[in-house]
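After this come two complexes, each holding chain A, first together with chain B and then together with chain C.
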Partner chain A sequence: MRDAAVLGWAQTEHRRRAVGETPQSMVFEVVTRALASCEMTIRDIDVVIDAGSDLLDGRSTSNRAVIDAMGAHFKEEIKVAGDGLEAAIYALMRVTSGYSSTALVVAYGKSSETPARCQTLALSDPFYLRPLAVDALAAGALQARFYLHEYGLGSDAPALVAVKNREAGARNPYAQEKSPVTLEEVMASPELISPIRRLEACPVTDGACAVVIADRQTSRAASVRPAWISGTGHGADPYSPGARTLYRTESAARSARKAYAAAGISDPLSELGVLEVSEYYSYQELMLYEALGLCGEGEAADLLASGATGTGGGTVVNPSGGVLCANPLVATGLVRLAEAAAQVSGRAGEVQVDGVDRALAHSSGGLAMQFSSVMVLEG
Partner chain B sequence: MPGKSGIQSGGSQGVGVEGELSIPYRHAAGRHAERFSREMRDNRRIMGVRCSRCEAVLLPPRPYCGFCFEPATEWVEVADEGELVTFTSVQGDPDAAVFEEPRIRALIMLDGAGVHFPHVLGEVAPDDVSEGMRVKAVWSEDRNGTLSDIKYFRPI
Partner chain C sequence: MSESGSLKPDQVSGEARLEYRWAAGGTTGEFLQALRDYRRILGAVCGGCGMVAVPPLSYCEICGGDTDELREVGPRGVVTSWARVIEAPQGSPVEAPFRYVLVLLEGADTALVHLAPDDDRVDVGVTVVPEFREGRSGAVTDIKWFVPEG
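This part shows the complex of A and B:
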């Protein structure tokens, strides 16, 4: 499948609080830079697909407020109420259907403006879960403990994810967390909710990302090297965390299988040079190694400890530092796509991994990774 | 609903406008949660529904089985005791919880159920909790048809 490609992208320098910025100013910045990165103007864009959060913005149908900043007035525009990588899947549908030649994908989140917990507690069922105060962190903690118990792992196993990703993030000019941490520091950081420690949880971040996706004809004629989209998949698990086998993320596994089938990948560990995954908490990266087929069930901690997924390894996971180094909520998964596209087209700058032919971008959403999206890119 | 007016000069936070959306909702429980609540309040019973295809007993009760996409119409009582599947201790934001103490959230496989039931644990210190332990509901004397009709589950 070489019917569409990612041609351009841009992300903000992610920060705890983007002082002086509004959602609109951040969106205008990334759209302008993303278009420039593939030598396009807004006039070259047929359709705009965007992701934003009404709750985060404190504004109903939040896209109405950023239409101008996206250059979307007088164009077709569709909002996705989810992560930006889901918006990218819609964009892919538009350009592969022949309905549009080019699509601009935009996602932004300014989490500093409201307590993040209000947003994530609102994810849960008001009758059965909200009274138990099960927000994203508590659901994550239930899942983390279940996973560790199922495979008899100590709580230092996920802590190594934080060490690996913070080491990588220190090289990423867009990352919010730019200092490496030691295993001792991670283990000594306070527990937010057992077993998740402060340094194993994503930061609160303001940021935005924009990506340009184009059909085959436009991509072949482009002045930049395309990052071809060779496979994609999306899936969801049941709403109630209790209705799932919580120590597995079935939606990610199914999304990956679908994407691999399209891309002709049978051994992801040897065929993917880079994976950019959405690990909101450290243990999630371990679960994702298994779901995305890098190793068998319960083998992720050993794979991580072998160094295979770290700097200099054969299959580098999150060379950008991942979500533990910046979490511009809603844009988080689209940033993974931008990073993966940058890797396969040799435009990843300071975080470039040598010789990446294929890369994968992953996003998740909902409580305990209910939703998953996967995209495979090729140079 | 109207935001507090006035530009706030905010030092390190920059200039901002205070805003607050306080939106009241009255969420319909729906007929399944209505019956679930009534059974808890009046009969101290935990009721689920059985999928007509895979026969799993689903909690909370709902009109369908999401796995099979088939109707789930048969009501089934499950035990008010079962096995602890996973848990997390304490902390979080106390303002968000109607359960004052304890706040060890848990997933419990009640005897007779096919999926895990989320609730809280009590009468046990976090360090003494372990996966696989048997737990039983402690019912409130003052029941009103909400989830807190079960005060918590305690180790047997």
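This part shows the complex of A and C:
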């Protein structure tokens, strides 16, 4: 399937607090740079599809006030209430249906402006979860223990994810966390909610990302090397954490199966050179190895320990450092797409992995990875 | 910096506070009433797949069927996961330290997210029972938390 491609992208240098930046100024910066990266101007864009958060912005229908910064005034524009990778899937549908030739995808999040844990506490329903103060961290901790217990793993197994990703993030000029950490430092970092420790949780980040997606004809004529989109999948699991088999992320597994079928992938471990996944907490990367078919159930810790997914491994997961090194909420999954596109087109700079023919981008959302999106890219 | 030595304002502060009156709906209302008035925990029996869901909804999160009836479950249950909290988050109904737990109540097919004391006996596989509050208001916090049986 070579019906659409990612042609250009840009992300901010992610920071704990972007002093002097507004959502609009961050968006304007990445849109300008993303268009320049594929030698386009805003006049070449048919539709703008964006993801932002009313809660983070403190303003209803948050896109309304950001629309000019995105260059979406005088154009078709659609807001997606979810991660930016979901907006990219929408853009893909637009250009493959023939409705648009080019789409600009924009996502941004300024988490520094409100109390961080209140942002995900608002994901909880007001009857059953919020009165108990169940936020993303609490739900994640319950899922982490469920997973570790199911397979008899110690809490050092996910800690190794943090060591791997922080080692990689040190090379990424856009990352927020740029210093490597040792296993001892991860294990000794304070418990946030057990079994999740400080160094195993995503940071609070301000940042934005923009991506240009185009149809086949435009992509073939482009002056840059396209990152072809060969498969995608998206899905959700039940809302209530207790109604799910929590040691699996079914929505990610279903999304991956759908994307792999379209891309003709039967053995993802040997056929994917890079995966950029959304591990908001370290244990999630282990669960995603299994959901995305890199190994069987309960085998992720062994796969990680083998080095196969680390620097120099055959299937590098999160060469950018992943979400543990920068979490521009809402844009987090779109950053994964930008990184995956950069890998297959040989434009990943300092974090480039040699010889990547195919890469996967993944996003998740909701409590304990309720929502998943996957996109497969080819050079 | 200007000649007067003053600093450029780099932010403005404000808040977006909204008061809500969220409709509980019939199913959740009945669940909360049973907690408050009878210290009973109700699950939703699905007319499609027969699954008993706790907490109950008017529809089934697994098969999409209608809820046929509400049925009492528990009060005993088994812990299927737990997580220790050392520093209480904003809005926490109990003081830290405490534990979040997933409890699979007797007669239920889905697990309830709730709280437990920070007691090392609270572990996967352990049987727990609810401790109800006095002065209940019709909220999921009418159960203070689940404590190890015996």
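One rule holds for everything that comes next: the second predicted complex is superposed on the first by the 379 of 379 C-alpha atoms of A that agree within 3 Å, B and C clash if a C-alpha of one lies under 4 Å from a C-alpha of the other, contacts with A are read in each partner's own complex, and residues count from 1 in each chain.
Just so we're on the same page, a residue touches a chain if its C-beta (ideal position, glycine included) is under 8 Å from a C-beta of that chain, and two chains touch if they have at least 3 such contacts.
Being a predicted model, the structure only gives us computed values, none of them experimental.
Using the contact criterion defined above for the overlaid structures, shared-chain residue A:58 touches chain B and also reaches chain C. Touch criterion met: A:17 reaches chain B, while chain C stays clear of it.
Of the two partner chains placed by the overlay, chain B and chain C both lie in contact with A:243.
In the superposition on chain A, A:145 contacts both chain B and chain C. Applying the stated contact rule after C-alpha superposition, one finds that A:129 touches each of chain B and chain C. Shared contact residues of chain A with chain B and chain C: 19-20, 58, 117, 121, 126-135, 137-138, 141-143, 145-146, 149, 191, 193-195, 238-243, 246.
Contacts from chain B toward chain A in the complex involve residues 12-14, 19, 21, 25, 27, 29, 33, 58-60, 66-67, 85-93, 96-99, 103, 105-107, 115-120, 126, 131, 146-148.
Residue ranges on chain C touching chain A, taken from their complex, read 10, 14, 16, 20, 22, 24, 28, 32, 53-55, 57, 61-62, 80-86, 88-93, 100-102, 104, 110-115, 124, 139-141.
Looking at the complex, you find that chain A touches chain C at residues 19-20, 58-59, 115, 117-118, 121, 126-135, 137-139, 141-146, 149, 191, 193-196, 238-243, 246. The residues of chain A lying in touch with chain B in their complex are 17, 19-20, 58, 117, 121, 125-135, 137-138, 141-143, 145-146, 149, 191-195, 238-243, 246.
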